[in-house]
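A, B, C and D label the chains in the order they appear, each numbered from 1.
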Amino acid sequence: MQRSKRFILLALAALLLTLPLAATAEKETDFGRKDTVYVTGGMWSIPTSFNPITWSVPAGLRGLTYESLLTYDALSDQLKPWLAKSAVWQADGKTLRVTLNPGTTWSDGSPLTAEDVAFTFTYGAWSNPFAGYLETANVIDDRTCDLVFSDPAYHSINLNLYIWPIIPQKIWSQIPAEEATDFEPSLEQSIGSGPYVIEGYDQDRVVYQRDDDWWGIKGLERSFPAKRVVYIKSMANNVAMAMLSQGRELDMANNYVSGLPAFTANNPALHTYYKGAPYNLPDNIVFLMPNHTKKPFNDTAFRRALAFAINTDDIVEIAYENMIVKPENSLGLLPHPGWAAYNNDDIAKNLGYSFNQDEASRLLDAAGYRDTDGDGLREYPDGSALSFKVSVPYGWTDWMDALRIITDNFREVGLDARPDFPDEGRYQNEMVKGEFDMLLNNWGAYRSSSPFSLYQFLFSTYTPVGEDEWTGNFGRYDNETLRNLVQEFNRIPMDKTQESNAIVRQIQTVHMQDMPYIPLWINGMWFVANTNTWTNWPGEVGSTNQNYPSLWTDKLQIGGLWMLSEIKLK
Amino acid sequence: MSVEVENLKFYYRTRKGSVKALDDVSFSIADGEILGIAGESGCGKSTLSNGLIHVCPPMELAGGSVRLDGKNLPLDKPDEMNTYRFRNLSIIPQYALNAMNPTVKIGRYVQDLMQSRGIDYSAIEKLFADRLRFVRLPEGIQKRYPIELSGGMKQRVVMVISTLLNPSLLLCDEITSALDVSTQKVVSALVAAFRDEKIVKSVSFVTHDVPVLYQIADRILIMYAGQVAEAGPTEEIIHAAKHPYTQALVAAMPEMASTYRQKKHASIPGKPPALLDPPEGCRFKERCPYRMPCCDERPQKRLVGNGHEVYCWKEDL
Amino acid sequence: MKKYISRKIFMYLLTFFVAISINWLIPRMMPGDPILNLISKLSRQATNNARLYAELNQKFGMDKPLFSQYLLYLKNLTQGDLGQSIIFYPKTVAAIVSKALPYSLTLTIPAILLSFLVGNYLGALAARKKMLDNTVLPFWYVLTATPYLWLSMLLAWLLGSKLNLFPISGAYSFSRLPSATLSFVLDYLHHWVLPFASIFFVQLGGWAIGMRNLIIYELDADYSKYLRALGAPDKLVRRYAYRNARLPQITGLAVQLGVVVVGAITTEVVFGYPGIGLILAQAILGQDYFVVQGAFLMVVLCVLGANFFIDIAYIFIDPRVRHSMIGD
Amino acid sequence: MRLKDNDILHYALRNRKLRIGLAIIAFFMLVMLAGPLFARWEARERAGLYPSAPPNSTNWMGTTKMKEDIFSQFIFGTQSTFLIGFLAGCIGTTIGLSIGFFAGYVGGWFDELLMMLTNILLVIPSIALLIILAAYLPYRGVQIQSVIIGCTAWPWVARAVRSQTLSLKQRGFVSLARISGVSPLRIIFEDIAPNMLSYVVMVFILQFGGAILYAVALDFIGLGPTRGISLGLMMQEAFQNNALQVGYWWWFIPSGLSITLIVSGLFFLNTGLDEVFNPKLRDQ
């Protein structure tokens, strides 16, 4: 009895002593360090289904394993060939002719043909981005397919050409379309066309292994230096930071990392897109969304006053420690070449807002919101008490910090505003049902080939209270003219910028005048890399890898894939 | 004389001063003798037993000596005492019913105990079995846990264990107080039997129950407030007590000698003095019906018969 | 014996039944539509909602009266159907939980058992000498008073990031896939050390204190006095005291199992250790009630199982229990 | 009676563990009560000149990333952490005490029933129950947190109190009181309760400390108060913002260290009291 216990103690002590020794010795690993790139960010939950056409797809699957027809260079605003050599609108304006690159194959070696393209875009209704307005998909030959649209929504179609993955007909034709999203392909069934195949996965990772027979090595004259890409599930902030600085099992993180400026200053191996502030490229816009079905948010003057009250510089400098760019103007557009044609500065100057609390107070006074009972807080014009809350999901720390600044600003102009941090579930519930006072959201305001995606998010729908709104007009802003303008915008071909800008000017004018949703700040494309093993990460200077540095879901197609093919071994 | 106790003092050290629980006590026990020690609770009789076996804080040896078989016991050196304990002097404690480790089998217990004392168990195994039989415990009791035994059985097991090494002196500390009357009888008969069989040479039998002593003791020592009041042959103490306290104590016993029926003593008025700061002189004086001025001085030992000593100033003893 | 065991089994079944009923009841007492709560997760694919709503409503029998819902819940449970995860869609709760369970068990069971053994040993050691006791006791107190996560973070920072001795994330290197090789096992152990140590040390303090107090009581017990009176050396007295003090500690072990779950959750979060705790924390933030409930059930089941095991083991360890059973 | 003669008080004043525990708790009580006089800002006020500033003459314990004054946060955080411990401790002790008392005192099937309930809740891990409860509550404040912690922590108190009551019941004075026809409530309050007072105080202290640790765990996994500040939240925010990695020790150390100190102080207090009330454990 005694002896065995002593033995256990000894064994334990020995174990604890030898493990660090084992660690310091050169470790034998399964994956060669120089063969593998370790990335994190963008994979928020455990990998569940390797089905490329569900929303819960593991990060990297669309892009590394399943490919889209085109890719989009989100830095230079250009569509680039990928599976397709080209996708050209025919003269009728309704037919999109897709021509595949030569030699496209699936990972099992069988050819990827125009049949697969046609299948992808006609398969089912749930899982098909063109469902409803794609008339037919005509296979012209092995390499060519015509997609014929009844009512071509050019901007939406453009978006999906570089997002949507082509799926193998031979696998998916066996799956009834209505079960498509429930289908969980086994690893054998996970036949993609991309440069990597799934090698394995666990609760906290997916390992992609390079397919050395990938068609693109010849077809695109492109290759990937890393034999493996290990996608690590997003981890606690401090763990990510520690692992990044060690660089042992993490090369790049697409995470918001609090304290990054102080941290990079002491770690020369760490690399960000910009050497100093703002460190990150702009990626999406966060809006303050008032609920238009509630008082006082149905009052335009009140909303405009709110816009003037917010010190967006504080958000950038304090909440984000200067890790993001400051917006150029109040239009709520990304500083991005693809959207530059629509950056109508004059509208912003004449109708927009800037941080000016005197103006905010003047507007509120003029609209009758005054402090009539002398408690330092404004009341409704009729004298009744005015107070409201602004919601952000609990745990989104950077947003929570930003929101504290915003509600402080509101108090400074005499408004009784309280920050509210509900759980994400309740936040979403209140959002889709229109039961909130005000909230912050950015769902559809991301970098894309056209600001249509932004206006579709904000203004394309209207759902009365009682029904659920899922697209983006959560505040139930009811403006039919604006809705029609957004649809009109979608129907103008991509290259006719002048024509579309005329419409966008109208949208922006209404937006700035009515201020239904207030643009707040521009979130960064969080990106930090460690250069100990892999170098030539995207950067403003000194890098030939000029690609959008993101491996978030559906961002590989706008730069992440290209980035991975252009990093170099140190 | 196998035991000679001279001027023994055991004090309890407390933060308010020393409690003189046993203050200058002398007596002796002859070979083959059972000395009964009686007195009210708090008179120092249990302190005496405990102190003889193990002086440990807060108890301390304040003076005096004990000779056992001619050798001085190193009472102030607990470690050296270890050699004498069990072998030369042993105790059957007051708490005999809880004295065994409940989670260890009896045989195993004795084995561990012997091993720890450096005694070869196999040499003693048979003796142990014989002794168990001697106290009329069933066979195979070595393989049982104490919890499986009745109170009387536990008591007997402890008696066997305590006397296993044939000690010269056996201290019995209130061993009958927790038992029912019939078991009391058996137990005290066993103590006498141990003596008769020469398993133990002499016995100090401490109890507050004088009738029990009448049955087995050869001599009786009456203690009061940490000191000896009277000592003498059993018959004399019971039937011809000299000390006023002894008289009161004996008078309080109902129907002496006919029965062991337990009954509360008819109480003597008053309380024993506090031993933290005991009064000068005779300690019984406050309660004594014969109090005299000279009682303020400590009474000297007076021999009033063959081996009958009294500590009292009263003249017409 | 039989009576005792069957009585125990009955109590545990009853407890389990109460636990699963609480589990069922709580979401239904909360305001709002639980299914809709779940669906709001599916927002990114709006088209799915109506269908999923109908499907889930039917699956969980939300349209039926409460009592039949309860029966349905029990029926699903007996078939091992814990429901459908939303944040980990389309995985079932059973699949997620069963994948995570081995990680939690291999982390917490050794931590509990080893801290129990070592803590008891050290506590007994400290009870031996006043000096030793006075010097190490404050240390035990500080250890038990340390929040698990605070210790986890400090360990991760010091031994992980600063000294670079141990990895601080995951259950095995990101440079591996599981295999049955020695190097994988070593790697696994290497990742296991820090989360293990965080739980181990906090627990250790508690056990040591408990043992110390018990030993002090036991050393004062009659049987210890008797041993001393018989001249037994301190060594034997202490050995017996330790032997007996261990028994109440084992009862404590059963209770501690439930408490360790706290440590396991926060520790797993800090180290990104892919066990039940991490799943639970994620499910809480994502309001994935079915996963929360599934994880809860799993934890309850483990704790109940361990308690039952200890109760039965007690029969063999403590003769007093065995004896009282015969008396039954 | 002179002070010197009072045994309990004497040992209490002499007991080192008790003194250490009292000193720690007194210190934090002082922080909590006198602190607000010195706290120049609200916990959430962006008061500092610089974000993440180390301790300086304006912000004595530095600032957070959000320019909040850590000294002020520390004071108000200590307040609510104590409040959580106190409230939850009170609730847990009260429930456990009443159930244990009545189960032990009344006995019979009533006892069986209550103990069955207690044993059931004792095995169900309370943290899991806590998480479930907290996860479904839409709003959480310090008070709600205390209530749910208190409501899940009582079973072992009940069990311990019951056995104490049983042993006290055996003693003569209770049966004497009973024979003399005194009402059970009077027996409980006049005879049993005073005898159990020391025990109750110690149970309360343990509950106090335990509740603080539970609250920290809840804060950490995102089930803390949705508004307000506590030491647990401070620690969680420091963790979220990489204070340790970046080296903002002034943000990270005070909260974690205070929690550890407060809880170990409570444990010291508890053991100290145990030794004072229980002569067997006293230092000789």
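In this text, a contact is a pair of C-beta atoms (placed from the backbone, for glycine too) under 8 Å apart; a residue touches a chain by one contact, two chains touch by 3 or more.
No experiment lies behind these values; they were computed from the predicted model shown.
**Q** Considering A-D alongside C-D, which chain pair is linked by more C-beta pairs in contact?
**A** More C-beta contacts join the chains of C-D.
**Q** Measuring from CA centroids, which chain ends up nearest the centre of the complete protein set?
**A** Smallest offset from the overall C-alpha mean is found for C.
**Q** So what's the Cα centroid distance for chain C and chain D, whole Å?
**A** 22
**Q** Hey, how far is the Cα centre of chain A from the one of chain D, in Å?
**A** Roughly 45 Å, centre to centre.
**Q** Roughly how many whole angstrom separate the Cα centroids of chain A and chain C?
**A** Each chain's C-alpha centroid was found; their separation is 38 Å.
**Q** Please report how many Å separate the Cα centroid of chain B from that of chain D, as a whole number.
**A** Their C-alpha centroids are separated by 51 Å.
**Q** Counting only residues that touch at least 2 other chains, which ones in chain C make the list?
**A** 153, 157, 161, 269, 284-285, 287
**Q** Any chance you could list the residues of chain A touching two or more other chains?
**A** As it turns out, chain A has residues touching two or more other chains at 236, 238, 242, 245, 394-395, 423, 426.
**Q** Where does chain D touch two or more other chains at once, residue-wise?
**A** 135, 138, 222, 239, 244-245
**Q** Where on chain A does chain C make contact in their complex?
**A** Residue positions touching the partner: 5, 8-9, 12, 15-16, 19-20, 22-24, 27-31, 33, 36, 38, 45-46, 48-49, 51, 54-56, 125-126, 181-182, 184, 199-200, 202-205, 207, 230, 232-233, 235-236, 238-239, 242-243, 245-246, 248-250, 394-395, 423-426, 428-429, 432, 468, 470-471.
**Q** What residues on chain C touch chain D, complex-wise?
**A** So the residues of chain C in touch with chain D come to 11-12, 14-15, 18-19, 22-23, 26-27, 29-31, 130, 134, 137-138, 141-142, 144-150, 153-154, 157, 161, 209, 213, 216-217, 220, 254-255, 257-259, 261-262, 265-266, 269, 280-281, 284-285, 287, 289, 292-293, 295-296, 299-300, 303-304, 307.
**Q** What residues of chain D sit close enough to touch chain A in their complex?
**A** Residues of chain D touching chain A: 44, 46, 51-52, 65-67, 135, 138, 222, 226-227, 237, 239-248.
**Q** Spell out the residues on chain C that touch chain A in their complex, using ranges where they run on.
**A** Contact set of chain C toward chain A: 32, 36-37, 40-49, 85, 87-91, 96, 99-100, 103, 114, 117-118, 121, 153, 156-157, 160-161, 164-171, 173-179, 183-184, 186-187, 189-190, 193, 269-272, 274, 278-279, 282, 284-287.
**Q** Mind listing the chain D positions that touch chain C in their complex?
**A** Residue list for chain D touching chain C: 16-17, 20, 116, 119-120, 122-129, 131-133, 135-138, 156, 209, 213-214, 216-217, 220-223, 232, 235, 239, 244-245, 256, 259-264, 266-268, 271, 274, 280-281, 283.
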